[in-house]
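Order as written gives the chain letters A, B, C and D; numbering starts at 1 within each chain.
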Amino acid sequence: MVHYGDRKQEMITRLKKIEGQVRGVQKMVEDGRYCVDILVQIAAIRSAINKVGLTLLESHTKGCVTKAIHEDHGDEAIDELMEVMNKFIK
Amino acid sequence: MVHYGDRKQEMITRLKKIEGQVRGVQKMVEDGRYCVDILVQIAAIRSAINKVGLTLLESHTKGCVTKAIHEDHGDEAIDELMEVMNKFIK
Amino acid sequence: MVHYGDRKQEMITRLKKIEGQVRGVQKMVEDGRYCVDILVQIAAIRSAINKVGLTLLESHTKGCVTKAIHEDHGDEAIDELMEVMNKFIK
Amino acid sequence: MVHYGDRKQEMITRLKKIEGQVRGVQKMVEDGRYCVDILVQIAAIRSAINKVGLTLLESHTKGCVTKAIHEDHGDEAIDELMEVMNKFIK
């Protein structure tokens, strides 16, 4: 079972876009483009990565965590969820 | 003049690694891997992107901003720097 | 019903500490203390606020969200949760 | 010399507001208010703290760092600045 199933294609599309953005920044660095223009692009990648993370957090909570709660081992699933959220909220 | 010149290769290497990480996450999603494992990887990419951002912020401040300050138009350069930092510190 | 009930006292204690830290920073500014020393304190407050946020997110998920899932209106509760997480993960 | 001198009053005003917000959240917790409403307030405090941080970063860069650059020990000042920015960009 893939809990992010219905958003799988959306996530792959976004990740492909991010991959392109990362390559774009590589090219900007190679071409010696102005630092601030590159920083704006890096901030955009950061934002896009956060959005993919949030999408997956949502799918995970609606899927795996909800299932775990119905099967009465919700607290373990939530502890795991919090551990990973910890890496995003610093 | 490229102010991040001496860190150019380091940044390209890091960006290539990030590109590989993003592709790795795409594959994880395609393979239907467990959400939390993917989220851990996404958090790692976020961290790596932030580090590239910080490296570039440093080079920019030591290069372009320092030059602007010596040429007495430092405040404009700092305003521009702050505007981009705003995108990272939210 | 208070879902963060068992962590209520812990949260109040932490918030009181944060209040003291904020007052401490006010005093540092009034005293004209060195910017970087103040920034280190501000970063510590930011960290402490994030931790209170994470504690509450956890209590909320283990309490209200779990209850909503058991009562079969989990998705609305998760949508609301994601909306607020969005404010932390930027 | 206080480099954030001209923004001192602005920073104190903002910090006093943040102190009030933190006290407000304490009261919300004491009153057993709904978690998500509290989380929204905590996110607002986080945002306000970040803004004070950015204001101080700007004053510091326009003041102390600029001065250090003019006196030819800019790189040390920038290294110190980056170390503290590291605490905000994670």
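In this section, a contact is a pair of C-beta atoms (placed from the backbone, for glycine too) under 8 Å apart; a residue touches a chain by one contact, two chains touch by 3 or more.
Remember, predicted model here, so these are calculated numbers, not experimental data.
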- prompt: What is the distance in Å between the mean C-alpha positions of chain A and chain D?
  reply: 27
Message: Can you compute the centre-to-centre distance for chain A and chain C, using the mean CA position of each chain? Integer Å is fine.
response: 22
- prompt: Per the centroid of Cα atoms for each chain, what is the distance between chain A and chain B, given in Å?
  reply: 16
Statement: Expected list for chain A, residues touching two or more other chains, is 47, 50, 53, 57, 81, 88, 90
Query: Looking at which chains touch which, would you call it a line, ring, star, complete or other?
result: ring
Query: Name the touching chain pairs, would you?
result: A-B, A-C, B-D, C-D
Interface residues, chain C side, partner chain D - complex: 2-5, 8, 11-12, 15-16, 18-19, 22-23, 25-26, 29-30, 32, 34-36, 38-40, 42-43, 45-47, 49-50, 52-53, 56-57, 59-60, 63-64, 80-81, 84, 87-88
Query: So in the complex, which bits of chain A are touching chain C?
result: 47, 50, 53-54, 57-58, 61-62, 65-66, 69-70, 74-75, 78-79, 81-82, 85-86, 88-90
